[in-house]
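Have a look at this one.
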Amino acid sequence: METNDHRADSIWADVERIRAEAPLVHNITNYVVMNVTANALLALGASPVMAHAEEEVAEMTAIARALVINIGTLSAPWVAAMFQAGGAARRGGVPIVLDPVGAGATAFRTATARRLLDELAPAIVRANASEIRALVSDERATRGVDSAHSPEDAAGAAGVLASQTHGVVVASGAVDLISSGGAVTRVLNGHPMMAKVTGMGCTASALAGAFAAVNPSARDAAVNAMAVMGIAGELAAEGVPGPGTFLTRFLDALYLLSESDIRGRLKVREP
Amino acid sequence: METNDHRADSIWADVERIRAEAPLVHNITNYVVMNVTANALLALGASPVMAHAEEEVAEMTAIARALVINIGTLSAPWVAAMFQAGGAARRGGVPIVLDPVGAGATAFRTATARRLLDELAPAIVRANASEIRALVSDERATRGVDSAHSPEDAAGAAGVLASQTHGVVVASGAVDLISSGGAVTRVLNGHPMMAKVTGMGCTASALAGAFAAVNPSARDAAVNAMAVMGIAGELAAEGVPGPGTFLTRFLDALYLLSESDIRGRLKVREP
Amino acid sequence: METNDHRADSIWADVERIRAEAPLVHNITNYVVMNVTANALLALGASPVMAHAEEEVAEMTAIARALVINIGTLSAPWVAAMFQAGGAARRGGVPIVLDPVGAGATAFRTATARRLLDELAPAIVRANASEIRALVSDERATRGVDSAHSPEDAAGAAGVLASQTHGVVVASGAVDLISSGGAVTRVLNGHPMMAKVTGMGCTASALAGAFAAVNPSARDAAVNAMAVMGIAGELAAEGVPGPGTFLTRFLDALYLLSESDIRGRLKVREP
């Protein structure tokens, strides 16, 4: 892990830019996590906005510096808005993060996620292993929005997906795999308590939007976001009795995150 | 209360099964409580999924082990999805829990709740006393989604409703009444602070789904869920200054819940 | 600030009435903040209800004592419901609070907010400085739902807007301006941590609904609500590490709020 110093430099530079610039991140996301992802973006230093009406999404995306699309509670009007916003993002050079929540659980989700991948070619896709496998094969997910696989199970599929989108694919889990152009980075930070609260994956996708807003390398943005998620999760989990207290402290940890937290805890395996 | 040992055995067996099997619970619920009910299901050990699009609800219900329908922020497309999902649940033998939030407050809610009762015959209905009275008479609720009555006021109406659905009806409040087949069980656990945070009733309904996923007796599932809610509420309320801290600790308490917590605190009056 | 004793009397009388009467406050609000605003209303002592279906909003408003309309995640069906509910409120003499979230960020939001202002003439408008400026000029907002201006920048625009609605306009920020009939009151309470969690502005609007439910003077209701927000924010911020803990303690502070908290902390500059 000799490259960790360079990686820590990159992460901290991004965090400082996010705090200084408060980039506007436009989220079209699911009802369950809207509040926690907005709070996580604010705690990190970004400026979240949620908007989903076809009448306004293109205009909102046009003033944003990243667009995060999350299909966790999708419906036909929201899917239409996702394509509207995605089109505006592509025209304006706004980076797109896609979170294909529950792909593989229903045909509607799988088909919608595939269309979003095809038409929008998102800079970053962040998903769990089951979702990524479902997107490149016809494997059926049976755990709803939770994963039945470890990220390593999805390493091959993540690479295939990344070659399709010409972008970055993150398979998150106990270890996060960040795959692009045939290379894989692994982020080993994190804590099992993160699986005991809803929306940690969605929050990772939202933070990836904030990092993509300030870092022109989608790959670095994805790695840095996953590292910050994992480190904040470790800090938050110290001595907590359960997931309620964890969630409270996770927002505190994002807000308090220091350079020494990152340098002292970072565990990244570069390709 | 000589039967409490047997009841504690049943509750603990259910909790252990939920933690071991992480049953998928499909929720079509209201926007206000989606996050807290998902977190409560996760803290207990279940696997929540939220989905409401007509294009996918039947498919999602078919892979779930319980379906929880909550009309707290209903609209026409969501009502259509509730019937779609409910039909799939009936065909697949998936137990249905109905939470008729605000029945009696508007004609739309009362009529929708009655249609859901008639067509889906849910295994468990969980509601407050005002909602249950509104469903069996034409009494108008004037407190929005809060109850103007104590559960004992609804004992008769709960029995009538249970005989209509051939299922279990829970009238929850300071004391919870669980009524089916003419018999009434009372759960005396709980804490007044539970009425000071939103979504505790909805969370009780969601947990009833988790218990129904592992316990073939809808009556036992309902009693056990209400007991766990009440005990977690008591544990969470100890020494808390207010509802914010209470909510945080409530999730912790569900996560940490032990056999001795149950045996030491359980207060159930069997029929 | 010689009038603070009188103001503290007014605030405490309102808080006691809210706690005693638990007025029903009907909210048509955005997905991001529904949970926190419902919890804040409950913590203060009011009874929140959320309903947005055209089939029922008029009926729900008719039993409510205040209607809060918030356009934070608007869409065409919700806008239609806002007008339905607003019409019922006007017919029934139910005070209306409007929160034009993101006015100026997109044409859809600006146009919708203006139509709501014109047709409903809300008793209280609560917004940030950028939103208020966008509503009286054609200034474009570029910070999404956050403000690029201080409330003092909007003092003139708030006065213009208040003269249009014949109501009260609150420009909230580090100092809150409450403008009506050419007079401006300033509330100096509050804490910078309030800008680090989502939904504090929306919560202020919701609480303004609770105060308007018990106080026939819209001006006093608005001033008192902003003072209680600010004081609860100060109490919650004492010694907190970050926004997660702050949010938890904010709900506790609303619940615990005492007469001496108000008398000891109140900083209002009357006209």
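When the chains are written out, they are named A, B and C in that same order, and each has its own residue count from 1.
Operating definition for what follows: a residue touches a chain if its C-beta (ideal position, glycine included) is under 8 Å from a C-beta of that chain, and two chains touch if they have at least 3 such contacts.
Everything numeric here is computed off the predicted structure, so don't read it as measured data.
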Separation of chain C from chain B in steps, with touching chains one step apart: 1
Cα superposition of chain A on its sequence copy chain B - rotation in ° rounded to nearest 5: 120
Approximate Å spacing (C-alpha centroids) for the pair chain A, chain C: 33
In chain C, residues with contacts to at least two other chains: 31, 35, 247-248
Chain C contact footprint on chain A (complex, rising order): 22, 24, 26, 31, 34-35, 38-39, 42-43, 47-53, 55-56, 59-60, 63-64, 77, 247-256
Sites on chain C touched by chain A in the complex: 30-33, 35-36, 72-76, 102, 105-109, 142-146, 196-199, 240-245, 247-248
